[in-house]
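Per-chain residue numbering starts at 1, and chain names A, B, C, D, E, F, G and H are given in the order in which the chains are listed.
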Amino acid sequence: MNSIVLIFGVFLGGAILTYLAHKLSNILSSAFFVLTIFTATVLFYLKVETGDVFSFSLNGLHLEWGITSFSWIFSLIVLGLGTMAAVYSISFMKGKERLGYYYFNFILGIFSMMGILLSRDLVSFFIFWEIMTWSSYMIVVYEGRSVQKIGIKYILFSAMGAYAMLMAIVIIYSQMQSVMIEDLIYSFSSFSISYQIWLPILLLTGFGVKAAMMPLHVWAPGAYSHAPMAYTSVFSGALSKMGVYGMVLVFSTLISQLPEHTIIREVVAWLGGITAVMGTLWAITQDDAKKLLAYSSVAQLGYIITGVAIGTELAMLSAIFLSVLHALFKGTLFMVVGAIEKQTGTTNLTEVTGLIRKMPWTFIAALMSIIALAGIPPLGGFVGKWMLYESLIGSDHYILVILIFFASTAGFLYCYKFLFGFFLGQEEKEWDHVKEAPASMVVPMLILSFFSFLLGTFPGLILKPIDQGMQSLGYVPTEGHFWGMSVLFNEWGNAVVLQPILYAIMAVFLFFLVFLTLKGLKGTRYVTTKDISSSGEVPGEFENLSYKQNFFQPFLRAVEPVMKRQIDKYYTGIGNGIEAFFNYVRRVYSGNGQTYAIYVIIFLVILLLFKNNLFG
Amino acid sequence: MDQISFDISIVEYGFFASAILVILVGLYGALVKKSLIKIVIGLSILESGVNLLLITIGYIQGGTAPVFSPQLLKDMPLTLENIKALGNEMVDPVPQALVLTAIVIGFGVTAVALSLVIRLYRHHHTLVIDEIKNLKW
Amino acid sequence: MKKILVLLLLAVFGIYLADVLFSLEFGKQFFTDGVKDFYLTKGPLDLKVSNTITAIIVNFRGFDTLGEVTVLFLATTAMGGILYKKRHKVGARSVLFPSSQIVMAGSKILFPAIILLGIYVFVHGHLTPGGGFQGGTIIATGFLLMLLAYQDYTVSHKVLTIVESLAGITFVVIGLMGLIKGSTFLENFMPVGTLNNLFSGGLIPIIYIVVGFKVGAELTGLIYTALHEKD
Amino acid sequence: METKTLYKKLTSVFLNWLFLFIVWNAFTSSFQAQEVITGLIISFLLALFTSRFFDCCSLRVLHPVSLFYSIVYVFVFLIALIRSNFDMAKRVLSPSLPINPGIVKFKSKLQSDFAKMMLANSITLTPGTLSVDLIEDTLYVHWIDVKTDDPEKVHAEIAQQFENILLKIFAE
Amino acid sequence: MKEVLEIIGALFVLLGGIFLFLGGLGIVRMPDAYNRIQAGTKATTLGGMSLILGVGLMETSWLIKAVVIIIFIAFSNPISSHALARANYKRKNFPYLKNTKGVDAYKDAYLNENKEEQS
Amino acid sequence: MVGSPILFVAVPLLAAFLIPLFGFIWKELVRIVPGIVLLYLLILSVSLYIQVLQDGTIVEQIGGWAPPWGINLVFSPFTGLLTTLMLFLAFIIWLYSYRFKNVDFEPSKKYFILLLMLVTGSIGIVLTGDIFNQFVFIEIMSISGYALTAFYTGRDSAEASFKYLIMGSLSSMFLLLAIILIYSQLGTLNMADIASKAHLMKPEFRVLALVFFIVGMGIEAEIFPLNGWAPDAYSQAPGPIGAAFSGIVVKAGIYSIIRVTFTLFDVEGTMQFLVLMGMITLVVAEMAAIKQDKIKRMLAYSSIGQMGLVLVAFGIGTEEGVFAALFLMVNHALVKPLLFLSASYLVFNSTEKSIRELNGLGKYLPLTSFLFALGAIAIVGMPPLSGFWAKWSMLTAAANSNMILIIGLVLLVSVVEIVYYFRVVNRIYFFKKEEDVEPKKPTINAMVSMIVLGILIVTIGFYPDLITSYLHEASESLLDKGKYIQDVLSAGQSIIQ
Amino acid sequence: MIQIIIYVTFGFMVLGIIFSAWRIMKGPTAADRILALDTLTTISVSGMVLLAYVFNRFIYLDVALIYGVLGFIGVLVIARYLEGAL
Amino acid sequence: MIIYLIFLFVLLALMVGAAIYSIMQKDLLYAVIGTGVISLVLSILFFILQAPDVALTEAAIGVALTTIIFIITIRNTVRYEDEHDRKENK
């Protein structure tokens, strides 16, 4: 039996088994769930090699599954994050309803992502893509909150993207009577020029939706924040990377063949940049941690898209590197929020405070990830962003650099808000009962944050495979001059030049933190943020005095003009307009049988009048 | 007295025209009249027009009904030639057979339609079609 | 407004239809090798049926007739289904009061005659105009006469159903017999006799008798159902 | 009693059969053996089914006297019919429409329904009269030219000639 | 013989035609429904009968069937016109009476009947 | 010789005539017999179909007269496929309605007779090779349809039925007019004969006949301006009948219009016209569907839309296009009945039958809801269910004929479809249940029938090759007009000589 | 001679038909219309017999016969409805 | 000769006229009578067109059966086309 089929079998069998086991007992189901993902992961890394190809034909199409060294990188994201999230899920989901349903869709999600990575042809790619869409949709609407709005928005955009992609695939198939990606790469140059322009655009639309690219991102915040956090970590960490994966494919193989590819590249890069800025700005305004992280995800994906779109070797490298890292830290952060939600019951930043002592491990994981997210050395984010800046400057995109730099700087604000809001600040009686999350939740977070630390320190660990993967995409082998590509790396390439300095900074920072904390522990009287006796004035009864309230008021006032024009509104407007139009159109079904009969005669008369035009 | 030749070549288009007119009148009734029964009447008139048209198509000048009655055969031997000669003077039997079927079917449909009208009246207490549109859009 | 629109539409329709149909010449045959000649020779010669229309309806295009019978059957069934009410009023009469004695006495004597006329029509379906449908209709009309004349005249629904079903079954079974005895459905497997005799035409009179019974029972049932529909 | 009903039934079946057989032969109007035999069978079967309605007359109608009077009746009737038509033609064609309509009534002596019906029909087809209703044995007649409204006189005027013959035919 | 019969038949046919016409004229000219029924029934019955008989005479082999039709007509036409007259009365269309002096003997019976129904 | 195609018509008729008699013996027989008949016919159909694939088209003559003169039934790979499909669905629907609610009371006899006749009429339309015979079968189908639509006494079903009846009468008028025109020119009614002689017709006759056929059959096939009856009828009929309408009756309508345009007339421009009409139908139907608040009405509009898609696929005109159209038909025939069947249990006890009343039923009727969701996913063409492959074939066929605009439009409309289907699915699973709606558990037989459909959908989704070879055979046989004519007309020759 | 007589008869019948049609149009009561219909029926039956003679087909007489019988029942139906019995 | 033609034309005109009459007539009973006239005339026309079978069928179905069904429907519903007329005539 082919190993790929075996893995898929494990996934599918596991999914069904889990679902059925749920009927017996939740524990059994959970066990099956974790076991399935673990087994698949282990099997994948043990059994599957890049040469493995499983080919078959279906409905007259030649389809192939097999892994390339490029998709292998993404499989790391998917399986790594997936495994962790799976372990995390068990505790997180304890006590919730319809576990079987959740597990089933979770496994299907992981399965479909692996399927996407393993497909070597467009049709199975599309099939897995759609499985991914609806399985994730199922989980997005799992809790049923404002599902009619969020869920429909998500499925609507996904469908539009997917159908754009399907259209491209169909055209490709009609052009070359094959759906293999390899064939596409070889025969793309023989397509007519309009196809050469339109096909990548269609494909990019499809991928752009999943990667939450600028005008297509509106589904993302809602969907990210409405799914259970255990899944959101996968959702934002791995699932959105599928879009990136596709974009990388398109840019590196198709668009690079276009004679005038720069325009598309520029446009997409700018879209990415704008996405980053807007995502950041929106993230700052959020008071809900989930929303905040969701917008932050959008912003981060903006960087990655920019990198992919620029498409020089360094940019691509940085983009993929950022993808991996984003999976790690954003996965962790969502897990953190999940843990807090689990323990406190809310994720509102203005309500929850001072959890640092109650949930120290969670705090550590959050801290590490936030640092990585903000791009502060020595963690991975810094390396990635550095490389991105470098590549942008290298390809003369100065304004973009400014844009992205602005975004990442502004990003500090929400990073701070997040960290401060949850963990620092005054403690309140309300949260006295809060305890550290269970081990099975903490451990995955810690493992993931450890990895983001590791990659920041030794980026070579992941950069090498990425480099190999890029070679399989047709980039020149960089073995020789790879380490010279960025000024950041040392000569061995496995660490960063600025390492020692950064460590020093880090150490001082940590020291102060610990010092302050210890000092704070002694003899401080804690006043809750709602204690109105602390001041002479008499504020409103339940007004929250925490200065997390209206945290960045001045800043927000400054950026308000930009923020006001939410794309969401336009979409809603268009949607309403369309629905109103549809509502108008359906009035042709007037309910009067006679009117219908008159339609028949009108139709007949039209046919009679135009019969010579219609029928030769 | 022998055959009076029933020469109706002058009315060549009379049958066609009146069949078409009847069809149109029936259609008008079905499309414009408000009463359900009127609509059904219109439909049955329509039917009649179509049937007349079909028979008119099958008519052959000077032909007789395609029935080989003894009176017609007049003790002729039953040979292929004789039969063919007789047959050539007969109208086309096929449209007649079709119309027979069509009439019976039309009657069936009318019966069903009228029972529906009764049901509708029982339910809505009116026969005006404009008022019977609970199902729309 | 609607009227004018409809009139306009119908005018266009009529003009087009007339335009095409007027290019036909009235009373002429417009084709050279239609199926008509075949029927007109095979009917009297092979089937020994003098009424070619009957031959077409029952034999050449017998399948249509089966369908037609089914349509009537369905119309009856449909009427029953559509007009079905949960509770029939006890003692509901089809006719409110009996007609005058004159009509009653007249219908007594006309009724057997009309039924006989119906039977005559469908028994002689292959010799004279008419046949199963017409005969059946006449029979149903005879029952209608009785229903109109007498207030308390009832037709047993059960008997009607049985007659109808048996007739239908016979029709199909005769067809299937053709499949078994010959090679095709509704194929004639009986001796055809001589032209213009009562006993001629093989299966055709038999089928027409069956059709006559079936149509008679169906239409009677239909009228009966309809007459009993009263609020 | 039972034998009597059985007898009645048998007569009605027989008469019915006869009637139907005659009608059948009239319908076919060809006296081939096949037709006649089929007619016998069919009319017998049908007579069995419809005999319950066929109670118009007894076996007496087959008596020669009855048959004779039947023929007489037909002629009387035809003459009356023709007379009535000319009468009607006169009325219709004369420009002044000489009519004086009204409804009169009289009692009939006839017993059986069938006979009464025959009488009513005859009256309808005879000059200037139209039977409107028959309740028990009172016949209401629309008379286009009312001469009297006394039932006896009306009877004599309108119905006498038919009723006498019918009485003889049905022997009542 | 045949010729004579044909001529007689033809005359009957003509007579029938005339009476049919008269029937039509009658129903047009008469003042109320009863009189029209009188005119229509009588004239058309005789007209139809004589026409059909005429045809039967012209073509002697048709005679039997023609007689059957005649009998049917003669039997059914009066019944239908009677039913019609009765129905018309029951719809309260009382006969046209010249100068309101005419007799309407049926009215009492009709009213009695209605009373019974009401009670 | 396994059997003869005539049995597909004769046996149900026999059964329909027998059922009233059975009613006197034992009431239960009334229900059982149709099932036995349908099962028998299904088996027969499958075996005949296999035989046909090996030995070629079976042309069954009736009355022993060769095709131009007698009526004939043509069991070709194409018609055989449709027949088998219809019979399968009919059996499923029978199984489902075996103990469905209102069928249980008195007129159940009539219900089963009418259902049987609905199926027979549809099969007759597909099998017959004679244009007038087809008309007769259309009438059989329509009359059963009218009666079944009005089967529930309580609702507005009579209104729906009456609309259907008006349209149906117009349809039959146009069909008759078309038949008149054809007969006046060719003197024949046999389809193959007409097809072989069509060039002899005067062009204006041909075009007018075609127009009448399109209007007449378009009403049955639910082309856009002619389909006003459809949503009402679908939504007011009992659940299983809605399924039968969408699964069986429409297929017959589409078949008839296809037979006319593909085989009978070879008028230029017909194909483009089909594409145009299909497109308009699709778009308008989906527009109307999105705002529906009655579940069955929504399904009905969706069904119309799907038929539009089928017409577009047929209109592409290539072998691939026809293949895709058939695939779409098969898919629709499996999925839409599933949706109707499950939906009618979901709204079983509600009075309004509105989507609002589906709220939260996923918890109470898990399997039914799941099957509904499965159907929803399949109908919008999401992989890996059967709908995707159908849509894929359609799109590739369009792409191969360079109809890029069509692809775009179809996909855009699919998005609309997704929106309204997922709205419903969302309600089923993620909303709070309405207090007053008491869900009713499906009976065992209903469950089985739905599950069978579900399994088929999934199976075809994962392994479309299961049916594609048959579909290819069928599409080839539809497109090969010459072979059809030859098959039919030569079949008679042997008997004549 | 006979031909002329038949022509003339047809002419009379046409007049009869026109009169009856006029009465149907004009009314005023339902009974008048039905009466006219009845008259029309009788005229039609006669016309059919005459046409049968013109066409010289014996079998056509059946049609006239049946028409006569059924027309009577049609009239009876409406009469009974007018009576209020239906 | 010309009389035949007049006869025919009168029949055709009567048919069309009856059709228009029964469509335009407000009283449904009269409309039904109109359909009766149509099928009567149609029957003669079929007869003239040498289709006795069809004439027979049209007579059998058109005259008695269709009438009775229409009448039954009118009995069970209303006799007049619109409510206004009904009030006036009652």
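In this section, contacts are C-beta pairs under 8 Å (C-beta built on N, C-alpha and C of every residue); 3 or more make two chains touch, one makes a residue touch a chain.
The structure displayed is predicted, hence computed values, not measured ones.
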Exercise. Identify the chains in contact with chain C as well as chain D, in label order.
Key: E
Quiz item: Stepping chain to touching chain, what's the minimum from chain F to chain G?
Solution: 2
Practice problem: Look at all chain centres (mean of CA atoms) and spot the one farthest from the centre of chain D. | Solution: A
Practice problem: Name the most central chain, where centre means the mean of Cα atoms. | Solution: F
Quiz prompt | Chain pair showing more contacts of the two, B-G and E-G | solution = E-G
Quiz prompt | Inter-centroid spacing, chain E versus chain C (mean Cα positions, whole Å) | solution = 31
Quiz item: When the centre of a chain is set as the mean of its C-alpha atoms, what distance in Å lies between chain E and chain H?
Solution: 21
Quiz item: Hey, how far is the Cα centre of chain C from the one of chain F, in Å?
Solution: 30
Practice problem: Could you please state the distance in Å, as a whole number, between where the Cα atoms of chain D are centred and where those of chain G are centred? | Solution: 23
Practice problem: Please set out, as single numbers or ranges, the residues of chain B touching at least two other chains. | Solution: 1, 6, 8, 11, 14-15, 21, 23, 27-28, 30-32, 36, 39, 53, 56-57, 59, 64-65, 67, 69, 90, 92, 94, 96, 100-101, 104-105, 107-109, 111-112, 114-119, 122, 133-135, 137
Self-check item: Of all residues in chain D, the ones touching two or more other chains
Solution: 23, 27, 117, 120-121, 131, 133, 135
Quiz item: What positions in chain H touch 2 or more of the other chains?
Solution: 1, 4, 32, 34, 48, 50, 52-53, 55-57, 60-61, 64-65, 68-69, 72, 74-76
Self-check item: Of chain G, residues touching chain C in the complex
Solution: 59-60, 62-63, 65-66, 69-70, 73, 76-77, 80, 83-86
Self-check item: Touching residues (chain side chain A, partner chain B) in the complex
Solution: 586-587, 589-594, 597-598, 601
Practice problem: Can you check the complex and tell me which residues of chain F touch chain A? | Solution: 159, 162-163, 166-167, 170, 174, 207-208, 210-212, 214-215, 218-219, 225-226, 228-229, 231-232, 267-270, 272-273, 284, 287-288, 290-291, 377, 380, 382-384, 388-389, 392-393, 395-396, 398-400, 402, 404, 407-408, 411-412, 414-416, 418-419, 422-423, 426-427, 429-431, 463-465, 468
Quiz prompt | Contacting residues of chain C [partner chain A, same complex] | solution = 2, 5-6, 9-10, 12-13, 16
Exercise. Enumerate the contact residues on chain B facing chain H in the complex.
Key: 6-8, 10-11, 14-15, 18, 21-22, 25-26, 28-29, 33-38, 40-42, 44-45, 48-49, 51-52, 55-56, 58-59, 63-65, 67, 90-91, 96, 99-100, 103-104, 107, 110-111, 114-115, 117-118, 121-122, 126-128
